[in-house]
Amino acid sequence: MGKRVAVYRKEHFNAAHRLYNPAWDNATNDKVFGKCNNPHYHGHNYDLIVKLTGEIDDTTGFVMDLKELSELINAQVLEKFDHRNLNEDCMEFKHLNPTAENIAVVIFELLRPHIAQAIDLQVRLYETERNFVEYPAN
Amino acid sequence: MGKRVAVYRKEHFNAAHRLYNPAWDNATNDKVFGKCNNPHYHGHNYDLIVKLTGEIDDTTGFVMDLKELSELINAQVLEKFDHRNLNEDCMEFKHLNPTAENIAVVIFELLRPHIAQAIDLQVRLYETERNFVEYPAN
Amino acid sequence: MGKRVAVYRKEHFNAAHRLYNPAWDNATNDKVFGKCNNPHYHGHNYDLIVKLTGEIDDTTGFVMDLKELSELINAQVLEKFDHRNLNEDCMEFKHLNPTAENIAVVIFELLRPHIAQAIDLQVRLYETERNFVEYPAN
Amino acid sequence: MGKRVAVYRKEHFNAAHRLYNPAWDNATNDKVFGKCNNPHYHGHNYDLIVKLTGEIDDTTGFVMDLKELSELINAQVLEKFDHRNLNEDCMEFKHLNPTAENIAVVIFELLRPHIAQAIDLQVRLYETERNFVEYPAN
Amino acid sequence: MGKRVAVYRKEHFNAAHRLYNPAWDNATNDKVFGKCNNPHYHGHNYDLIVKLTGEIDDTTGFVMDLKELSELINAQVLEKFDHRNLNEDCMEFKHLNPTAENIAVVIFELLRPHIAQAIDLQVRLYETERNFVEYPAN
Amino acid sequence: MGKRVAVYRKEHFNAAHRLYNPAWDNATNDKVFGKCNNPHYHGHNYDLIVKLTGEIDDTTGFVMDLKELSELINAQVLEKFDHRNLNEDCMEFKHLNPTAENIAVVIFELLRPHIAQAIDLQVRLYETERNFVEYPAN
């Protein structure tokens, strides 16, 4: 059995978003989300780090070819979210508040079906250099 | 006469924007600006570095107190642009395409009146880690 | 039940410190701590990353509002340590050597009472870009 | 019993390498490894982060003196790999493909005998800022 | 006349190289170039920052579209040097020692014919995070 | 004549300091320097970038061997300032306020006599990631 190693690939995308809860009135949205609730949106450079944990394949020396992983992230995630308005352009957030936490969960669910079952998947998403999230939690 | 030194302060803001030229038709805008022309906007974490060049004050050892410079940048720039939609919320870009080049020129013009005449000002703006601009050019 | 996500907030503070053990003579302190034992102190820019692990709140989409977490870290940690001499100014280190390990444990204990019980807390502290610690260990 | 803390030390080395499997023909090597299979080699600035997890020693406040850890990494790893051709100069890779995964496992095995048994060891290796690996996986 | 602004694009490539002067004997090469003279080569992740200085075009708001600049750097520089052995694979260094200084000059000369005459060009090349060069010098 | 190139070397040191002007009373010092005037000192990880501008030597391909430059910076600057209290331990600051501006000027003057006359010298000093200075100014 090959040794278990974690491999990581970093990608990024730029998007606009707005935080708000349609079940609340404006005052509550402003109180909870502050300037993140700007109705005209604001935006971020999101850095995305995808972690795969699995056994090294003896013939390649890879857990997974990171070039293939990069192409997978591009096809499944960046094509949907890069240079988009998450609230307006992305059906995933039609009924889900695009907080960093929720975006990370959505990215996990977009990637999971395309990764071999024997490999564990974790997603880290940087909304800014100082605010970031990870799913699933260790 | 005090020695001339450059001092730098780094700040950041998050904003949405869209690149387009209202004088052009859609096809031309798409050709020139590509996905940056998304009508629902996208966004960035902008890093802003303000450079001041002047003489060291012998009594303080400062060209300018960087805490005061930080407060000035916050009052004149970040209050206007942070968590905003540059096209929709900022009068500076009602008739000016918010490219990184134009944003840097606007920031220079917002700050210049508040900096002592004897001090030179230069603005560097990072739209992403890999795309950035500087005004005025050396 | 909401999904468990980890959220992270990065802050920083600047402080002076000195490493030594009062139970030892000077020669032993010099041998063990080297130039970190300078009696006039030296200093660091400490980067602090606070990790909270908990369930996403369905109404906000947050594990915890990172703006509130930032304010909590400022009130409980940065007010005490920023621009201070850890050995001289901070009662936490009157009888505790301010190594990165011990500072991380102290920060954990300062924050823990202010975080909801259902949320796990972990602290990472960078003394320099190349030397850093984490408590509790995974 | 002292509290368990993780301590980290970051080092780096520069090396040339080539990815290929001698059991395969050229076409298969090219298909799997692409331009990483250049027979004249290419190279990287590798960043290495070594993580030790153990109890704080009450007399020093350290899990391990990071200056000693740095010297250990230099003696056991950097002396072997820095400014070398991993395939040509390093016996560890005479019969092992120098992928990031395999290099991390080799570094773990070089360091493990020199670290106290009560201390856990983990190695993270950055081949580039965007591709990195960790062994053993959590 | 449009305002003069500098725009920057960052790219990177990974390559192997060896420093030596064929006019010298081995002892002199070892004395001058140390371990950089390893005959089996070592390697680096090179970060390349290309700076263009020119006037803002009023219709686009660009000095030059940075996507086009990125494509130009890829075609003229990265296609030649990425995942290559500079000494063995690149005719530019058949008779020129691939120091960072010389690589920067070569990259300048590869790009200059493809940039409009009215635009100034400068190249910064990072061999490591701590060693970097710029051509032409200000 | 060789081409003029700028070469850069990055080093760092950790030090304690306090900002104050002995000609002023306490209230004025507190007003001007705020918490930087803590009488027990605070500290920083200083990043130092030394820039040399000169012609490429045709026999080496170097403006100056950056390993030699690193040794020079270590001998002339880091030996004096690393893990020191700038106010208490360093005669350069007995009668000079150790602001970033003044430290940069002092470092320039420490290095200048050891660099060949034909080579221009410039010093950039980061007190934090967000506050930095450069001497002489361009």
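By letter and in written order, the chains are A, B, C, D, E and F; residue numbering begins at 1 in each of them.
Keep in mind that, in the parts below, a contact is a pair of C-beta atoms (placed from the backbone, for glycine too) under 8 Å apart; a residue touches a chain by one contact, two chains touch by 3 or more.
Fair warning: this is a prediction, and the values are worked out from it, not measured in the lab.
Touching chain B and chain C together: A, F. Computed centre separation for the pair chain D/chain E is 28 angstrom, with centres defined by C-alpha atoms. The centroid of the Cα atoms in chain B and the matching centroid in chain D are 41 Å apart. Chain geometry summary: the mean Cα position of chain D and that of chain F are 34 Å apart. Shared interface positions of chain E, i.e. residues touching 2 or more other chains, are given as 129, 138. Pairs of chains meeting the touch criterion: A-B, A-C, A-D, B-E, B-F, C-D, C-F, D-E, E-F. Interface residues of chain F, counted against chain B in their complex, comprise 19, 21, 23-24, 32, 34, 96-102, 104-105, 129-138. On the side of chain C, the complex with chain F involves touching residues 12, 14-17, 35-36, 38, 40-45, 82-85, 88-89, 128-129. Taken together, the chain C residues at the contact with chain A in this complex read 3-11, 53, 56, 59-63, 65-67, 138.
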